[in-house]
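By letter and in written order, the chains are A, B and C; residue numbering begins at 1 in each of them.
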Amino acid sequence: MNQIRPVILELRGIGKSFGPVRAVDAVVLRLQGGQVHALVGENGAGKSTLSKIMAGMLAPDGGQMMLDAKPYAPSNRNEAEQSGIRIVTQEFNLISTLTVAENIFFNDLPRSCGVIRYSTLNEKASRLLQQIGLDFIHPTSRAGDLPVGSQQLVEIASGLSRQCRLLILDEPTASLTDKETELLFSQIKALCRQGAAVVYISHRMEEIRRIADVVTILRDGRVVCTDTMDSLTTGEIVNRMVGRDWSDEYRRTTPETGPVALRVEHLSVGKKVRDISFVAHRGEILGFAGLMGAGRTEAMRAIFGADPIDSGRIYLHGSQRPSRIASPKDAVRHGIALLTENRKEEGLLLIKSIRSNCTLASMEKFSTAGYVRSAREKKHVGGLADRLRLRCWNTEQAAWELSGGNQQKLVVAKWLSTECDILIFDEPTRGIDVGAKFELYHLLSDLARRQKAILVVSSDLKELMLLCDRIAVMSAGRLVEVFDRKPFDEAAINRAAFREYVHPVHSQEHERNA
Amino acid sequence: MKRFSWKLPVWLTDYLGMAGALAILLAVFGFTAENFFSRSTFLIIADQVPDITILAVGMTFVLIIAGIDLSVGSVMGLSGTVVGALLVNAGQPVWLAVMAGVVVGFGCGLLNGLVTVRWSLPSFIVTLGMMEIARGAALRVTQSRTIYIPGYLDFITETRLLGISLPFLLAVGIVLLAQLVLSRTVFGRYMVAVGTNEEAVRLSGINPRPIKLVVFALSGLLAGLASIIQTARYQANPNNGQGVELQVIAAVVIGGTSLMGGRGSVISTFFGVLIISVLETGLAQANAQESTKRLITGAVIVAAVILDYYRQRIRHGKAG
Amino acid sequence: MVAQTFVQDFIEFITKGIQMMETKRSRLPAAGILFLGLMLGIPACARKTPSGPDKPVLALVMKSLANEFFKTMEEGARQHHQERASQYDLKVVGIKNEEDVSQQIKYVETLIAQKVDAIVIAPSDSKALVKVCKQAMEAGIVVVNIDNKLDAEVLASNGIKIPFVGPDNRKGARLAGDYLARRLQAGDAVAIIEGVPNAFNGIQRKLGFEEAMKASGMNIVSSQSGYWETAKANQVAAAILTSHPALKAILCANDSMALGAMAAVKAAGKTSDVHIVGFDNIEAVQTLLREGRILATVDQHGDKLAIYGIEYALDILKGQTTPADKETPVDLITAETLR
């Protein structure tokens, strides 16, 4: 049946090198109209590079592309868009100082005599957002002010804004919640019905299983195989991805929960975090679930001292006296670490080497009287890179050269280098491949076994249910309920996440009293 | 994991490039200027670079943290007039005057840093203000008059070790020390990090403010130090160092330090200073016309920066 | 008064500040500081010199007050005014940078608007200032030109005459050059360090030096600009000394540059072989003249120059003179005259 569908884009032996790295090698691919074609592979397998080549953002150094059986060699992104090929990249391309509407229609702003017609623009944008079900995003808000998840949605919206023949989505759901993922899927299906082809890149196997018709597995830049989705089991896919037998064996054994490591009381930050209290123990993994904008990131940042708090107290390591955490520096001194959700802006020094990124937060361990002990540093970084299976050819490489998932691993490596006892992970597995993801789970588990307290914020509830000992659910800035593993009740957690939005009585009362 | 390494160290390719550019320049003047390859030419250059070099070291640090210091020329002028006024008008001992000059420079730098950091202001505007303030103060201290310093500071210019003057040795020492600090110490690492992504540094549990403060104060301190050398050579003229900030920035940028912060090398800065100095001395020796001098100097600055662009590209393996 | 300079600087500062405010984060504090600056600045700018109704108001428009020569000139004028405060009121304005021609034009325009009675001006450019001076004359203001003579051709093409009161720089330079020539032998190599390339008085001094050198048969091996600055002159002098080791003298268009040349000669170890000549007779060179490290300089009596101009303007206002050029004295200063 696949044969009947027209081939829209065909790749013949496409290759691309970065210095000594062969990122993409002799790739052959046929993308058919009306089909969702999944690209899977480990971090650094070359998925993003390949899609950037298709979208005209990178020039291949070998091979040929055929669009509708005619040679196709776009020299930039604009040209590819003219030919109807659009991409939603893994790294955001929004201009943070422009509004949502301006970003969506950046390439063809409605104008008369060179003056932008804002009324038309905003109307068009708001219609589009509504269509895709994103009516909660206001077209005139500044893109940079939106939370990461919403930024990704805007990015997708701009990909959907115009007619296209081929839409490439590079890890579109990395920071979306289930509900938003559903929205996206319905859009993808609509697009397929119109005869367009979709390339879908993701590390989430269950998503791929649901949406994709055909899957191509990449390893080290080469195509391992292309097959219909039905003919492969998830296990087979992952085995071929990593090139060895692999099992997703991970079970959180009942931990030996130690003494209280962190006690938060009545923490409030503006309207985002309202009066939350909880306790985290040594040796346990505490998850934070909730919808986008529920205030989880804000709460974690406040605990870490990254943002000023309005009220509340934080007790550390079982102490009876509250600790003063006015800055991240205080937090780190008290043994708290935070992996921010936004690695590019807040986590990494992109133009600096893997080595200096890795040891940034723990320089005192690699120096004597202010003098850097390079040998010790190099040894540590090399070892850690191997342990985390960081895909690079040299630890002197700049961080921006790493693939998305490997950048995330680097942030993890930075904090593992410190001796922090309380580790807060905000979306730690965003963009990490399945193999690495389970490695990270094992790592977190291991850290917990070593009596560290682990806090994990994630939009992926399945992940939290797999990983955590307890899950705290936040809803509209409040911590509404904490669930124990016995085992977790997914439906109940979901209900809790909506609670404050459906019955916000509690909060209104509170505000009236305040 | 596969991990190869390129053998030729990056720093070597960098310095080789700069040294090559310098060599070409020397060769050109060797042909065009009379007596260019003489001992005295190199002594002149060695006499002329110390003050600029010392300022450029401070400027390199400031640019690395993504700041800029437009006040160095004026601060140098002010420190010099303070030295002159204390020595001549107030009859103070040499050590005290010299100390005071350095302290005044340090104070100006500290003030730049405090204002920049406390209110998160762009250093461009803060140091622009300081540029005016320090110049005004220098004119005030001297009543707009050059103070002639009879011989007190001659030991600075006249002490020679193996034929090399004290200021030159001092400048080279500062360059080496600063390069060591930049590439081998935690402070250097933090400086580069702050210039690259200040927020990421803050969220790594490091307070970027003291780092910035120290860098600005250091720039002022070095301006104070440079002023001692300037004053010893040229007397205490309140107009000393006018426009020097641009010359210094040019030298630093020729050395490959980025105006965007996060990237720079003190040794390369020194090469940048040498290139500019050789260029100016050579053009003067070749008896070039005023207009020619300016045309050529400008062209060399732009060419050097373009060269640096390609050097960066080669380093990052970004072909095509 | 100096408030004029302040106003201009202040406006410049505020504009730059506003531009900087566009950058993120710093918006609030920057705005605060600017506001504060405005509040403090405006009354300071607004303060005026009180002037009686009957006394004529004279404005002295200078080049850079950061320059010692003009500072001396200004002080001379103030002294003169203090002694005769009942006769006239004085305003003094000076630009920040000697090359800032447009700034000086703006000052003159402001003075026209303020309806002063006379303007005594040391133009920063001998051509560019003619037009605004004409406007002043058309507004009934007496204009007297000091220090740097306005270009005769441009004046003629504008159909105006402006009296020039000042020294003949060329003559002064010639005096110093002739004095030097007596110490040299015909054919000796000499070099000239010029002022800023387009400055009239700098050019005149250079011409004077050249005349003297040619008349006595010296060989001018190089003539380059030192931009009136010590450090720059030092660099140029050092380079010339290297390329012409037989050099016997350096003639500098001002004393600051002579200081730089002196440092270069000293560094080359030729203090006893190379003579240095300067111009302006600033305080700092007097010891050096006595010690013989600088051979000669020229005094054009800067402290009196403005006074001549002011007195001349007052005379014209009183109808006592018809406008005509008036030359002021220039004197050669050497170790002998100082004694």
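Quick note on the criterion: a residue touches a chain if its C-beta (ideal position, glycine included) is under 8 Å from a C-beta of that chain, and two chains touch if they have at least 3 such contacts.
Keep in mind the model is a prediction, meaning the values are calculated, not measured.
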Which of B-C and A-B has more C-beta pairs touching across its chains: B-C
Most central chain, Cα average position: B
Inter-centroid spacing, chain C versus chain A (mean Cα positions, whole Å): 67
Cα-centroid distance, chain B relative to chain C, in whole angstrom: 31
Distance from chain B to chain A - Cα centre to Cα centre, in angstrom: 44
Of chain C, residues touching chain B in the complex: 9, 13, 16-17, 20, 23, 25-26, 29-30, 33, 65-68, 71, 197, 221-222, 224-225, 229-231, 234-236, 238-245, 255-256, 259-260, 263-264, 267-268, 282-288
Chain A contact footprint on chain B (complex, rising order): 1-6, 10, 184-190, 192-193, 196-197, 199-207, 262-263, 316-317, 320
Chain C contact footprint on chain B (complex, rising order): 33-36, 38, 40-41, 43-44, 47-48, 119-122, 124-125, 128-129, 132, 135, 139, 143-148, 150, 157, 230, 233-235, 237-242, 280-282, 284-287, 290
Contacting residues of chain A [partner chain B, same complex]: 18-20, 59, 61, 304, 306, 327-329, 331-333, 337-338, 340, 345-352, 356, 360-361, 363-364, 367, 370-372, 374, 385-386, 389-396, 398, 401, 414, 418
